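Below, chain A partners chain B and then partners chain C, in two separate complexes.
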Partner chain A sequence: MKVAHYLNQFFAGFGAEEQASMGAVRVEGAVGPGRGLGLPVAVTYSCGDDYFGEAEDAALAQLLGWIAKDRPDVLVCGPAFGSGRYGYACGSLAREAARRGVPAVTAMEPDNPGVVAAEGWAYVVPTTPTVIGMRQALAGMAAIARLLGIGGEPGSPEEAGYLPRSIRRNVRVDRLGADRAVDLLLAKIAGDTLTEIAPPIAAVEPPPPVPNMTSALIALVTESGCVPRGNPDHLTSRRSSRWLRYTLDGVATLDSRGYETVHGGFDTTFANGEPNRIVPLDALRASERNGNYGALHPFLYTTSGVDTSVANAVRFGQEIGAELLDAGVTAVVLTGT
Partner chain B sequence: MSGPALERAIFQVASVDSGPSTGWRNGRLTIDIRGLQDELRRATRIPSVEVDLTQPGEPVRIVDVLDVVAPVDKPGGNAFPGLLGPAESAGRGRTALLDGIAVISTARLGDADAGVPSIIDLAGPGAALTPWSNTWNVVLSFGDVLDAPIGEVEPAIRLASLRTAQTLAAAVRKIVPDRVESFSIADETGGLPGIGVVLAVAAEGPGLDTFVFGRPFNGPEPMEIDPRGVLDGAVVSGAYNEAGTRPTTWSYQRMRLLESLLERHGKTLRLAGVVLTAAYLDDAAAKERMATGAADLVVRSGATGAIVTTFGGGNSHTDAMLTVRALERANVRTTVLIAETNGGLTDHVPEADAMISVGNEDELVDAWRPDRVIGSARLPDGRRAASAGPLPFLAYVGSVNQLGDRPFRSVSA
Partner chain C sequence: MSTLARELERLGLPSVVITALPSIARMVGANRILRGVAITNPTGDPDLAAADERALRQRIVDRAIEMLQTKVPPRTIWETPR
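Moving on, here comes the complex of A and B:
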């Protein structure tokens, strides 16, 4: 079994923050924590945390190029503990390697953004926020790497000690769903409530009222699938996995010559005839002129919300929300269908 | 709900072959394929119709599948009331059922939701996803009927498929069955918990309808139906979208959930009734009305628990969740059967705390090359049917249907 290991500049021994801009390097054999894995580490890759964050494409291209040449059976990244930048690099590299057929495992604190970056492609072993949990983190990664390296698959998250990857894998069961439904219901009536699907996250708390409308910066966000006519970015009409941003700079109204809706979940005849009724730009412009609020944020954020998973919708909300906060937006008109 | 029992006389099919006339001899069914083909051409006026016979486990992929029907016969020849005869009551008396054989219709229809392939693999990795890899199949291929108005061609194909199923089963008239299953509903069940079923069906127009006693059921109110009627041809699928998550007519005829409840009736529970609801409703008020209406009927049946089923995904899952909420608020405990996706659930209410997973519709099944393709050579997206893959569970007919009759669930990984 051939193992490759990724470490940041600090754990690879190149230096601390002053070396965070260091480009990607490749070293033969195990380095630093890699010696504690108990695995045949053939090669170690490293990169400065800042460099990875600021030049992600270049860093990934270099690292993945080496991985393609070295052809390891498994890639181990980290552990990154609570370090967000290091964790992000570990999660992203592990994801891209796994996408290319090299199974990968990493380790970090469950809140680390690197967990999201791994997108379920890589196994992520949960760790303590600080290096105090180094020994357990290395042992946890090594156990999974040993399996992955020989083409095996770890068991469930609970059994194998990794964070659930939001992957739902189909398994054959002897007892049919219909019979299980009756069993489950009788148990629930008897006071024992069990479920095969964990309930998703809780509802969203309503925000407080907008404190001062006269200075409010308002953004338009929609799940109606409203896009420039011709759908230049090919927004899908259902099961969307992304959102799009279009400038409203100099746009006074959404007329049907310039805009359409590609939503696959309702009859779009009226929306296409008068796009302002699905995204009320005309009314917001009039209100802006009258001084009813401060200003309109000069972008429209759009997706088509039909058959879209809650996980994706939550991600859209987080990503769009982060951008709006950055821009100082204080209120949003969100149109749904 | 008591009354006479439904008796299902089971005839086990050992082999099927083609011959000059249709008949049954010691488990061996002979089918006049050419005569059947001529009859289908005449009845449907679709000249391209072809009939194929497949063996269990043959390396065959069936494409553009519309429906699957279990061959059944009723004395008097009205196995599908309202469609093959008057809308008389179903679920009583004796029905002959051929076990181990299916009638499968295929066609490429216009207007229907053509985005997702609708296939059955009789061998290879997809074979495990379907009961029909183990059956003999009489496949009626109507070909490309995209140019024909769906409102004319769809009923013709549906009726022809049902009639074929009945014609095959009529071969066992006056013959002693291998066994008889009896479904009765005793009134006296002591203090056993009453359990209801809410069966949501597709109701969106031609190609997306469900027929109940011959008419498309589209509400506007929920209705009660005898569970034995569901098992006995009263409910017929005319909905052809989302192959994996939709029930076929077969799924209703052999609905394991109702069989399971009927088997346990009088032992561990009392089957209080089945309520049909129309799902995929267009507006919030209609959805709420259907959900609360269904809950009212369940409460009136005296049930303290209910199993909620659905079809498809997205919109219909909102209907299912609203139904769960309405039932729980009326103090009826619930479980709901749900097909999962890679992205989690489309909708959820906190009251849905006991969910059954029938599997993840997005999971991919390895690519496979059949020796023969029945139906279109290409999938709706243009890929060659003989080499396309990997394909998701969603493309395999009934593999993750939410009546819970397939041996799958999904687990975290």
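Moving on, here comes the complex of A and C:
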């Protein structure tokens, strides 16, 4: 069995965020976590997380070209844990390889956007948010890869330890459909919502556009971790469980003497040199002066969007949104890194 | 984090996300997405001279404001106004 493995620049040992824009590379044999898979890893591919996100087509073309030439029996990607960019790269590459006939397995936190990117083509083993679960993640991927590599097929998600792939198969169950339906109904009457099939994320229709921009109140929201210099309220650099509000009253620009970012998910050198590169206050003020819109809401809403759980992100949106509606805000400009 | 934008839109607030990872924003259900310059600097470009960078940022912000005034189909991505 011939195994290929994908890692980001960090786990492949090329460097941390300062190497995140690194292009794709191909290395013979197992590297880093690949050595812990217990599989015959013939080749390792790697790529910077920012590079994959920003030049996805070029990155995929290069990596899939290598895969076509190397002809592995199975592709293993990650584990990516809670890292959104890394998870997205793993899920996208695994999906595209599987589409081309190379079965693929990856591993990440169930909230990771890479799970959606895999689109059910690749098997995704659920992991802890952080590397603390490395050993279990590697073992979980290896078990599935061993099967896939010899043309086998893992059992159900529960049996084989991967996330559901939105594939519905007929199975035999012990209880009649009528009994199960009544159970769900009773649960609902009791105020509980049970379901046998998890619903997808509810899509939202785009709200109608702002009808009259000259009277619009625009709010500035960011997940870039931008805070007053010194981080007085101790916003954490990752896994934020809260958002913060800072006054913009009388603030014309976010200069590096007054502001910085504590975001733990990208190289912050450029942002700290000129914070308007992540929160464009100077340009929004100019537009306000020029009458391109009514006025800027006098607060900046900020959090650090690294490994943030979906549940927390939903809550942030609801809480910030309620406050903005109360303040009569009409529209929002949000920056993300 | 574009989840946050989706939830703001759920409340009826038109929201434009400026991000260098538009495909992720689209996947989680943001509707008004403007591609930023780079992950480390969505609204700037350290390779440019200061005045040129400032002008680029102005174009990005004005494009974002334009997007808020535009009726868009779900999960629309607009490119960086270089």
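Just so we're on the same page, the second predicted complex is superposed on the first by the 169 of 337 C-alpha atoms of A that agree within 3 Å, B and C clash if a C-alpha of one lies under 4 Å from a C-alpha of the other, contacts with A are read in each partner's own complex, and residues count from 1 in each chain.
Rule of thumb we're sticking to: contacts are C-beta pairs under 8 Å (C-beta built on N, C-alpha and C of every residue); 3 or more make two chains touch, one makes a residue touch a chain.
None of the values given here were measured: they were computed from a predicted structure.
In the superposed pair of complexes, A:308 makes contact with chain B and with chain C alike.
Of the two partner chains placed by the overlay, neither chain B nor chain C lies in contact with A:294. Looking at the shared chain after the overlay, A:228 reaches neither chain B nor chain C. After overlaying the two complexes on the shared chain, residue contacts for A:54 are found with chain C alone; chain B is out of touch.
Of the two partner chains, neither chain B nor chain C is touched by A:82.
Look at A:172: by the touch rule set out above, it reaches chain B but stays clear of chain C. Once the two complexes are laid over each other on the shared chain, residue contacts for A:324 go to chain C alone; chain B is not touched.
Touched residues of chain A were counted for both chain B and chain C, and C has more of them.
Within the superposed three-chain model, A:193 lies in touch with chain B and out of touch with chain C [touch as defined at top].
The intersection of chain A residues touching chain B with those touching chain C, taken from the two complexes, comprises 266, 308, 310.
Against chain B, the residues of chain A that register as touching in their complex are 156-157, 164-182, 184-186, 188-189, 193-200, 202, 238, 265-266, 306-312.
On chain A, the positions that touch chain C within their shared complex are 20, 50, 53-54, 56, 84-85, 88, 113, 116-117, 201, 203-210, 213, 216, 218, 221, 223-224, 266-271, 273-274, 276-280, 282-284, 286-287, 292-293, 303, 305, 308, 310, 313-314, 316-318, 320-322, 324-325, 329-337. Residue ranges of chain C in contact with chain A, taken from their complex: 1-21, 23-25, 27-29, 31-32, 36, 38-46, 53-54, 57-58, 60-62, 64-65, 68-74, 76. Residues 128, 193, 195, 255-257, 259-261, 264, 268-269, 282, 304-307, 313-315, 333-335, 337-338, 340-348, 350, 352-360, 363, 393, 403-413 of chain B are the ones touching chain A in the complex.
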